[in-house]
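Heads up, the next two complexes both have chain A, just with different partners, chain B and then chain C.
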Partner chain A sequence: MTKAYPFEPEEAPPEYRGIPRIDPVLCIGCGACANACPPNAILRIDDPENGTRRIVLDVGRCIRCARCEEVCPTGAVRLTAEFEAATDDRNDHVEIVELRLARCRGCGKYTCYTERQVEKVLSLIPRGILDFDRVREKLPLCSECKLKLTVLNATKFGEVEP
Partner chain B sequence: MKSLWVFHVNTGACNGCDIEILDVLIPYYDIERLGVKLVPTPRHAHALLVTGPLTRQAYHAAKMAYEAMPPKPRIVIAVGTCACSGGIFHDSYALRREYRESLEYPLKGGTSEFLPVHLYIPGCPPRPEEILYGIALLKNIVEKKVRGELFREGTFVLPRESFNAWVEVLLRARIRKELGYFDGYSLLRRFMELVESSESKEELEKLVEKTINDEGDSRLRYGLEKLYSYYLEVVRTYEGILAAKRALVGLPK
Partner chain C sequence: MIEEFEARFGPILEKRTLGEKKALYTIMARPEDFQNMVRSLLAGQNVRLFTMVGTDERAVEDAFSITYWFADTSKGELLGVRLYVPEDKPVFPSVAQFHRGALWFEREVQDLLGVEAEGLPDRRRLILPDDWPEGVYPLREDFKYSESPPGEKRYPYARPPEGTSVHAIGPYHIALDEPAHFRLFVRGEEIVGVDYRGFYSHRGIEKLARGRLNYNQVCFIAERICGICGFCHSTAYAQAIEEAAGIEVPERAEYIRTLLLELERLHSHLLWVGVAAHLVGFDTAFMEVWRIRERVMWLAERLTGNRKTYGLVVVGGVRRDLLDYRRELVERELDVMRREFNDVVEFLLSSGGFVKRCEGVGVLSKEKARAWDACGPVARASGVDYDVRRDFPYAAYRDLSFEVPVETEGDVLARATVRIEEVRQSISLIEQILDAMPGGGILADFGDIPEGAEGISAVEAPRGENVHYILAGDRNTIYRWRVKAATYNNLQTVPDMLVGYTIADAPLIIASIDPCYSCTERVQVVDIESGKSKVVRLGVGICR
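This part shows the complex of A and B:
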């Protein structure tokens, strides 16, 4: 029997690897997916002037290997069962999640990680083991300030505040 | 346009997409219902069905085929991720492509390097339904479903509170080794729900036992048992560290 498909809706089987989607509520902008994606379908674009980071997912470059789903630490990017991705305009394939970069506590410049990443890292520290407030105090530092702090700490005894 | 006669060009595809094009021609999918016919020469074709990432060798043949088509309507349909944007072969030395900055999007490559493309059907390979859908879209039978989206910073949710989030990270790495990401992660989500819904250790133990008994799939049963034993291990380690620290600092219990 011939399928009625384009005239009747059709669902893909549950384990079908359809187009990936990023959930903007969960994504922390870590860029692990951009790192893992074999055909570079996901880009991580930082704008240090305006303090934003864009995670750009291009479904038209995606080979649906699910490497992104495997590495995403928050489960934000998932392969859906959607497969109807044909279009006449390539811009339709692009999904962008724009996130704010964190500001450095030392110099006030934008760091190379997002505010959500800081929150996520803080949320992962189980209470009671580390001194929570001191970690939170030190966390948003840019690489230069971290370097300075390390050098200062190495040359003096005891800890130095940034 | 009522009927679309297509000529199929392979510009260096791995053959996955070509097989799917054969698939849509079989009686089960029967793309000829939509008036599509595969013709053996571009001179009879309305549309060029291009697969593949456009290698340098295939470029000239594809160009000749395009020029041999009647000047109207000269539709170009890119089938497969390779033809849409270069796909997995996007940075191969064998491709004909322009040099460009790597951070431009939508990403370029494939057929659009040399031809104006009228329809993109991504997928690696696209399943036969996707090709059917694409052709139906060209003939205005169905609506377009995908849309470009831009999400700016909005609500942000951390799914779990700190201890459970930490446990989840540790369990994730282990269950991936045991069951792989597909079954492993969904099982982990189920397990974490159990952890969050139970108040005490005894309750969790009962819940996990019940879930294991109800589960029909032996792989998932094995995974659940492993998850539970890892969970207990993590909790034990955490309590051990906490006790050691208390003893060191001399904090009261």
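This part shows the complex of A and C:
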């Protein structure tokens, strides 16, 4: 019964939900995981001045529920079979993915979505069904510019109507 | 119960919600005969106070609401009596004056909501920390969940009776698994009185659900209420939501839930038997029992992905299926477990030391068990024949056959016997579940949760009933979530169990209810409303 652990490795079974890890290459910074996480172990922190978004995962707060894994649209966050989280520095528990925010095409300010999110959305649109270039033009707009554009389009429309 | 109540008081009341065997009555203006209603309900042979919920309904009703829920265990009926208490005079007549089981409920509602029970025998603080300021009530809507106001530290402990000295167990003590503070008033070695102060592990979960979580996140936080019966809490919570929103859970999911609920009972009872053996100094048995317990944890890991059956229940079903290979694992382990458990029980009960330390110690009479609304193995060991699984069937228990062991001595040994027999019943239940496992999906499809819908549900946890009540808010949030854990009532019986025995028996008696302090202690509070009447007087305590 007694094992020489920790000198002899102990393996978790395949069903085990261990420490979550975010793949920084796959993550698009959408923040879906942060919305789903019950104990707020994942935070989405924006810095609109410098144009960065950080997805901050604190393994010390995580309850290993795997809700993040379920909602992630790119499969970037996955629960591993690791379970050893002991450390004498709380900072070791924190994992950060930093991404660039997209700049608005209109005013040049940073928007509230990342460059990768824009790429992802564009890659999802089936060519030929929608007017792709119109979408492309509208996409990296901040909410203010988007509002202006909508109002502008509406007035144009109004001119044609009568 | 409902019929008699309706015949007597029905015409003067407004009836609100109706399930087939559930009714809720509201009293709009506060009639003086509220106490009579409660009295006449509690006079029933099998009626118990199920839970009590205080809600800040000022946004909708211009008042606080206090709801007492009663359960008729022989008919499977639930009845709620709701009282609206006006904001400018938040006072209602105390039930604890004549029914002791209501004591903590009323002290709690006074702490958290600032609604006072007139005539309450013990007005001291129950839940709020000693340094919480006066007149700040955390469960009110205008108090933010993230606030933590400073105050002055003080707590009025009960005065020890003449000629006794105080022997403190806790807040931190080698015989306690969590912080709790028992003040034993002793004459020599003999305990003559007890004062209890707890709620050191209160984490404000009910407020958190109101402040930050959506209804689906709550499942995962609910199971953190307890480190042992977490699955029971998340199931009870999910069932309450399912009832409120009318969600039909697939049969297969019900069976999987039941399987894990029983696995949890196995784990909890094995843990307890081990601790009991350890407390009487019989460590060989302790190690042996915990070796079997390890099998349960290993099985839980394969079934749920966590050694403690966490993260499986969601509203509408479960998240993992019982695949064939998992089923084989369960069958294999059960076989071994049954054999090993029988051996270890024989070994344990053949030890004169163990039996002598438990026999005739910490006796709780049936009357006292009923007066405090004790539940689970504690009540059953005192002759109260009540089990939620049988009397208010949920999940798959309707289709399964099992016995509810009842003893009459009410001592520590009876509590041990009940638990040992329940382990055997659990093993048989799991086998029946495997045999009868239906096919189909494991997660229901459903829409929004209607605002204002209410649900109440109980689950028989290893320690007794866990009652969860929910009132749905707008946009899929929860307006009020009330958790009553089994230990909440069982803990109140401990002072009665301790009196008359010696200090040496105290750790075993306290452990004999299998106390779970975290379960009992869930909420926290405040808003800085000055000018509120301050009512903290020196109470008499729960000792005599």
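Keep in mind that, in the parts below, the second predicted complex is superposed on the first by the 157 of 162 C-alpha atoms of A that agree within 3 Å, B and C clash if a C-alpha of one lies under 4 Å from a C-alpha of the other, contacts with A are read in each partner's own complex, and residues count from 1 in each chain.
The rule is short, and it goes like this: contacts are C-beta pairs under 8 Å (C-beta built on N, C-alpha and C of every residue); 3 or more make two chains touch, one makes a residue touch a chain.
Since this is a predicted model, take the numbers as computed values, not measurements.
Aligning the two structures on chain A places chain B and chain C in clashing positions.
In the superposition on chain A, no contact is made by A:Val121 with either chain B or chain C. Counting the residues of chain A touched by each of chain B and chain C gives the higher count for B.
Residue contacts after overlaying the shared chain place A:Pro38 against chain B and chain C alike. Shared-chain residue A:Ala85: touches chain B; no touch with chain C. In the superposition on chain A, A:Pro13 makes contact with chain C only, not with chain B. Contacts of A:Ala66 after superposition: both chain B and chain C are touched. Once both structures are placed on chain A, chain A residues 1, 12, 15-16, 38-40, 63-64, 66 are touched by chain B and, in the other complex, by chain C. Every residue of chain A that touches chain B in the complex is listed here, in rising order: 1-3, 5-7, 10, 12, 15-16, 19, 22, 24-26, 38-41, 43, 45, 56, 58-64, 66, 69-70, 73-75, 82-88, 90-100, 116, 119-120, 123-129. Taken together, the chain B residues at the contact with chain A in this complex read 27-30, 33-34, 81, 84-88, 90-91, 102-103, 105-107, 109, 112, 118-124, 126-127, 129-130, 132-137, 141-142, 144-163, 165-166, 169, 176, 181-182, 185, 189, 238, 241-242, 245.
Those residues of chain A lying in contact with chain C across their complex are 1, 12-13, 15-17, 36-40, 63-67.
If you check the complex, the residues on chain C that touch chain A are 212-213, 217-218, 220-221, 224, 291, 301-306, 310-311, 320.
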